[in-house]
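Please find one structure pasted underneath; my questions will follow.
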Amino acid sequence: MSAPTAITLDLERRARLGIEEAVLCQGKTPGQVADILLRADEAGRSLLLTRLGEGQREALPAALAARIDYEALSRTGFYGTVTAPAGAARVAIVSAGTSDQPVSREAARTLAYHGHAAAEIGDVGVAGLWRLMARIDEIRAFPIVIVAAGMDAALPSVVGGLVPGLVIAVPTSTGYGIADGGTTAMRAMLASCAPGVTVVNIDNGYGAACAALRALPLLAPEG
Amino acid sequence: MSAPTAITLDLERRARLGIEEAVLCQGKTPGQVADILLRADEAGRSLLLTRLGEGQREALPAALAARIDYEALSRTGFYGTVTAPAGAARVAIVSAGTSDQPVSREAARTLAYHGHAAAEIGDVGVAGLWRLMARIDEIRAFPIVIVAAGMDAALPSVVGGLVPGLVIAVPTSTGYGIADGGTTAMRAMLASCAPGVTVVNIDNGYGAACAALRALPLLAPEG
Amino acid sequence: MSAPTAITLDLERRARLGIEEAVLCQGKTPGQVADILLRADEAGRSLLLTRLGEGQREALPAALAARIDYEALSRTGFYGTVTAPAGAARVAIVSAGTSDQPVSREAARTLAYHGHAAAEIGDVGVAGLWRLMARIDEIRAFPIVIVAAGMDAALPSVVGGLVPGLVIAVPTSTGYGIADGGTTAMRAMLASCAPGVTVVNIDNGYGAACAALRALPLLAPEG
Amino acid sequence: MSAPTAITLDLERRARLGIEEAVLCQGKTPGQVADILLRADEAGRSLLLTRLGEGQREALPAALAARIDYEALSRTGFYGTVTAPAGAARVAIVSAGTSDQPVSREAARTLAYHGHAAAEIGDVGVAGLWRLMARIDEIRAFPIVIVAAGMDAALPSVVGGLVPGLVIAVPTSTGYGIADGGTTAMRAMLASCAPGVTVVNIDNGYGAACAALRALPLLAPEG
Amino acid sequence: MSAPTAITLDLERRARLGIEEAVLCQGKTPGQVADILLRADEAGRSLLLTRLGEGQREALPAALAARIDYEALSRTGFYGTVTAPAGAARVAIVSAGTSDQPVSREAARTLAYHGHAAAEIGDVGVAGLWRLMARIDEIRAFPIVIVAAGMDAALPSVVGGLVPGLVIAVPTSTGYGIADGGTTAMRAMLASCAPGVTVVNIDNGYGAACAALRALPLLAPEG
Amino acid sequence: MSAPTAITLDLERRARLGIEEAVLCQGKTPGQVADILLRADEAGRSLLLTRLGEGQREALPAALAARIDYEALSRTGFYGTVTAPAGAARVAIVSAGTSDQPVSREAARTLAYHGHAAAEIGDVGVAGLWRLMARIDEIRAFPIVIVAAGMDAALPSVVGGLVPGLVIAVPTSTGYGIADGGTTAMRAMLASCAPGVTVVNIDNGYGAACAALRALPLLAPEG
Amino acid sequence: MSAPTAITLDLERRARLGIEEAVLCQGKTPGQVADILLRADEAGRSLLLTRLGEGQREALPAALAARIDYEALSRTGFYGTVTAPAGAARVAIVSAGTSDQPVSREAARTLAYHGHAAAEIGDVGVAGLWRLMARIDEIRAFPIVIVAAGMDAALPSVVGGLVPGLVIAVPTSTGYGIADGGTTAMRAMLASCAPGVTVVNIDNGYGAACAALRALPLLAPEG
Amino acid sequence: MSAPTAITLDLERRARLGIEEAVLCQGKTPGQVADILLRADEAGRSLLLTRLGEGQREALPAALAARIDYEALSRTGFYGTVTAPAGAARVAIVSAGTSDQPVSREAARTLAYHGHAAAEIGDVGVAGLWRLMARIDEIRAFPIVIVAAGMDAALPSVVGGLVPGLVIAVPTSTGYGIADGGTTAMRAMLASCAPGVTVVNIDNGYGAACAALRALPLLAPEG
């Protein structure tokens, strides 16, 4: 049997796609995560860590853990030097309820890691339509709108019918029973009656932000 | 092998439940349907026929077919003497788009067969929210609201958040791909973020009307 | 990145729907739950808490936890001042077996929170039909009957064929294997051979009660 | 490429199992069916044909078709000499509605082919429980009870709770939407709350009869 | 809200079906289980307890726990006075591998509780066909054969093709990935190419034994 | 029963979203389609017709059919006056094989209807990677890339790893067996290992184009 | 909109993989198939056509159709000059029943197209185990064994436990109900208790043969 | 009830198949595992243990645990005397990312246990195609290539299109949401657009290695 394969980071990804290599920590041992961090150091790179549980972080060598800018709700970490976002937010992240906030935050953190501000707008689920209507003009002003919702995921259909910009829907695993870990939300989003709503994987706030990162460099400047 | 079982109609159903025996014609041979009609004649009863295809109806003996008050969109037939509905409608049947009308109509026909008027309100899908908003006050005035929608079925969640009365959601098999013959709509309705929305089987306008028929005798008179 | 979104309660819900805002605690951190309770205090409102685990409750600040009227079987809490139900019960909550009682109780507690008494009738699963038959006349007298059952969910079909009032079926996650967390029960209820049986999400005793809350104000007074 | 494989009938099956080789005709070309019939002739055997569509039968060579004792509702054929059943029926075949009769009949025909009478008892679905109760004493007298039902398949649970003998449940593809071609019925039967209900494949009246054929030789004689 | 419903045991079940009430302990609190045991005492009855975890048993009041004849592999308990089986075994319980033994044992224990001996024959999975062939004559001698297998569940098809008696297949949750908690085994059993194989729920050794209990009183005596 | 609801077109959609009302013709009767066309005439509007089968088109009144600019492969029709696209294509539509072309074409036609040119690049499935590599520089130059693929849908992952712009993946129903009508492709796209790939419903070339239409007005001009 | 993409055949595939480009005809129009045939002519190549329905073939221009060596059971066609297989068969194709023969034949034809003989061994389903045992020594002699089976797919597990060579299992869509178009067979094969059984898509005789084509050049010569 | 069945190891398996009996430890109690090890000792055999969790190993009697050559990442153990692999690797094990390494390693360990070296090549997922391209010539040189990938499993399709040898794809449970425990990867592999890719169960590195073990003795010697 050959020696264990060394981990090969895709460090040219930013040059190729404008998106940094990110590390999905879920399912990795602390040893594997530590190994990846050390390799980033060797390459002089920073890293975005996603789905890094509190327990996982605490199991890392203290010197490594200390260098992670960690946000608990989204379970994201910035490793290394990251520049704070500058400029006005061009992405709105709209979510239905409190339970959708970890996903909303993961998207916001991913954008921040890449230098982009975002506006998080929460608690606008359609069961209380007035909450959405109170903020819809604000939302309509953004060229890119990420919508996170679970359960029946009616929110992106309503938003998609009112907002002209790019709509990226993220199903969340909120709910129980037939909500089925976000599967029903995902299906409803894909079957949306609003035209041109696009969808990413369940709870994939990172992926929704990456889709926005693909579009952001293409946008005409405001003004 | 014993002789074939004779068909036993559940003719006491109205006495027990206030709902007449109905005959689901789909999957029955013309001979079986004709046999059931003749038994209803023997018992001096009328019958509600559902999912009676045009072809099935034409394959019946002409004398029987002629006595069916048939409505093609809903594929429903009234066999025998049926009294026209009287009084103001107390049930609204709200639907998202043109493709949901067969289900909406099946519900309306089932109510009519039992003597109740209904108000069909179509084309109010949430992708064009203004269409629903233009009629929401009218809808809110009904004590019972049936909502038929397919695809993502966002409509009953929005209606359920705005209407105080009983909301009975019927998923329809409108759409393709992940709409999956109405399964996504059904799942989304069951996972609705609006409280107290109840659901019946896919395309089951008959069942939604029966739920309304259970509630109608209980209602306080208007006034 | 914008500051975290403040939680926006839908406090007008009772005015709009006759149903109070309820808080699904499952999946929320103690901090999020505490934050919601404090906001209710600020607004001078009471709250219904659902799926509040014992552990979650114990992790709340003691002063907040002490003000929760908690019922362990249903994992429900009343926060703030709640008036006890008055008047005779107009809702029966029928359940198949012991394992369905948490759902039955959640429905009863939701009704109680809104001021309505309910009659819980348990252990009447159809495998021992005599148990149901012994109480069926009692059940038939209620205008609204909630039926909670898991596994094959044959109970609502039998009840639906014998009871003329509104029947709201709640699938429960009782059972194992193909019972599949309540999915089989939910499917069987939606495919019920009894006409007009309506269905809510798995284990959603809260939702069944909300459906009843939609109907209760419409009912003609007894007598 | 080798010459096409000749068809090898499992003609020793009756000696081994007490069950004759049967031919599932669905999905076979008329040429394949004819070939099988000719081989049975060569071997001096009779055959039970299942799921033989009218069209398939008409496409057979006339001389072969003429020797098939065909029953259209069950789509079964007896090819060759078959002795009529003798003795009292020891198997009851109970079914919920008219649409379940093809399956009930397939079971009865399979039993008849093997020399056993059966009593078909139809239209006793639980939505009209009185119909079942009117015949339950009769049903309880049979040592073996096959129960065919679709949709929610509540019938075998009620029967299984009232009948002491062997209960073999056959889900049928009756119904639409979430009935899902019999999948919901099958799932509900497997999750039955009545103890010891056994299940065969959807629409598999043949298989249910075969299970009975396994038990019949073991039974103590009546007396 | 009414007082909590008292638990109603179905104590006439043995008279009706020849099968005692059994208590599925999974999902019940120790308090609920204890309550059921006390009621059995009041009624002067014994009880079969299934899916009683070690932890659950230890959480019972010591006086009650001490009176349970517990078998850890099958997680079954006999509460109260149970007579040991007498007479030769007429049921074989055949299983594919070590991981299927808990289910095999649950079936054996259920039969023992009702006074019937059974022969457990393990480790005869078809991947090593010689193991099955070495014992097939022994197995063929039983009038009733329960077959427990997981993963692909090929065993009951091979057994069903070789054994003339009643074959009751129990899928087990053995395996991983596409084995899917026993769903693949269950599906394969229902689609068995061997005629007349009947199936019960996943891991339901109790149910398979109950099916045998339905047949055992009907059998002609040996000899 | 109220008079049938008139069809309400969402004619303000273009103003709101920049996307015209489109009519999904599948599942509509020729009468319903004709009615919609006449209403567009009354409103002085053109319409995009999708999933308009040849048979459906031929069943329309000849005068209406003659005014439809029909494209058979995509089953799309332009009704009324439509201006030809002008300017260089800014959207590439990449597809894996011949069977994906109807979806690719539907996307191209939808863009054309709205005045945008597109470049269709077909037969670049990854099983013959050189075909994709030969054109990847060309594809990388587009700010928006729609990728249509069925079966395993590996193409969008490879494209998504090489192309920096917005990637909109459309699963197609190409393939058989486990391809499952496009479900496997859809699932694979949502689980893509390439960051920021977004997904629309199966065979929804229209929806992919609409997502592009949301982004196109936002793009900085080329130069 | 750009001009329609020309079809790009992957004609280097044989050089790269040892497997010729094959054309899946299902879902293609006769015009598309004809176009592909003409391109093969231009390139001076032959083609393997799979899933070419009789109707599709008849709709081709007569001159093209005449040059197809068509086999109806497998729906395969050889277009152009194909050399007959030479040498002894090194692949056995084992199938369970008559209904699996189209898949068995598709595999045999694919091998023949590439110059390899195969031995088709049919009707050895495990329900009549003696049929398999009678031929197992013959089968064991082949280095590569393709096994086609539907329903419960027990055959490849038994074969896989007895045969030392490479085992490639092809699920077939034989059966009904829970057989589910081959899904149950596919799942059972993937969960096989026999070690090292590999699986391809449902009804994919072509794919199974391609797997064999990957192995054949690697084999040591016989003798 | 009979005495518990003794465990019967399939010790002739190597003679029959060239593959040793392996013990799937997941789901077995430490007592059951210990019992199996002792039996192997009695038979003078070694054993391959798979899915042996750290906790399980530590719960074994120390004397037994000490004789296990354990590898934590793959959770495999060699019990007894195992000869180290000799000769050049003829199997490549290619994997997409770090999270796929446990499966890759399980395959490598299974091969090593049988005396075969393997080359593990990791981190070549297609999202960074250059990583795969950098090593493709190396991979192409192996006659057998195992490919482990999760999520969308695009890797085996790309490899299958570039590599002429036998390709055995193992889906891994890497990913979340719609990745669905490896189901999406498994489906995509079965629907692969590359011809002749074969598939084993999710996370079944052992099974993939067994497939290779079936082919290895057949290969012509290198050189």
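Letters A, B, C, D, E, F, G and H mark the chains as written, and numbering starts fresh at 1 in each.
Note that in this section contacts are C-beta pairs under 8 Å (C-beta built on N, C-alpha and C of every residue); 3 or more make two chains touch, one makes a residue touch a chain.
Bear in mind the structure is a predicted one, so any value in this text is a computation, not a measurement.
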Number of hops, subunit A to subunit G, where each hop joins two touching chains: 2
Chain whose Cα centroid lies at the greatest distance from that of subunit G: C
Subunit A and subunit D, separation of their C-alpha mean positions in angstrom: 55
Between subunit D and subunit E, centroid-to-centroid distance (C-alpha), Å: 27
Distance from the mean Cα position of subunit E to that of subunit B, given in whole angstrom: 44
Interface hub residues of subunit E, defined as touching at least two other chains: 13, 127-128, 161-162, 177-179, 183, 186, 190-191, 195, 201
Pairwise chain contacts, counting only pairs that touch as defined: A-B, A-C, A-F, A-H, B-C, B-D, B-F, C-D, C-E, D-E, D-G, E-G, E-H, F-G, F-H, G-H
Subunit B partner contacts - residues on subunit C that touch it in the complex: 13, 16-19, 22, 143, 161-168, 186, 190-191, 195-201, 206-207, 209-215, 217-221
Of subunit D, residues touching subunit G in the complex: 1-2, 4-8, 10, 12-13, 24, 26-28, 32, 36, 51, 171, 173, 181-183, 186, 201-204
For the subunit F and subunit H complex, residues of the former touching the latter: 96-97, 125-129, 151-154, 157-158, 160-162, 175, 177-180, 183-185, 187-195
Touching residues (chain side subunit C, partner subunit E) in the complex: 85, 89, 95, 98-99, 101, 104-105, 108-109, 111-112, 117-124, 127-128, 130-131, 174, 176-179
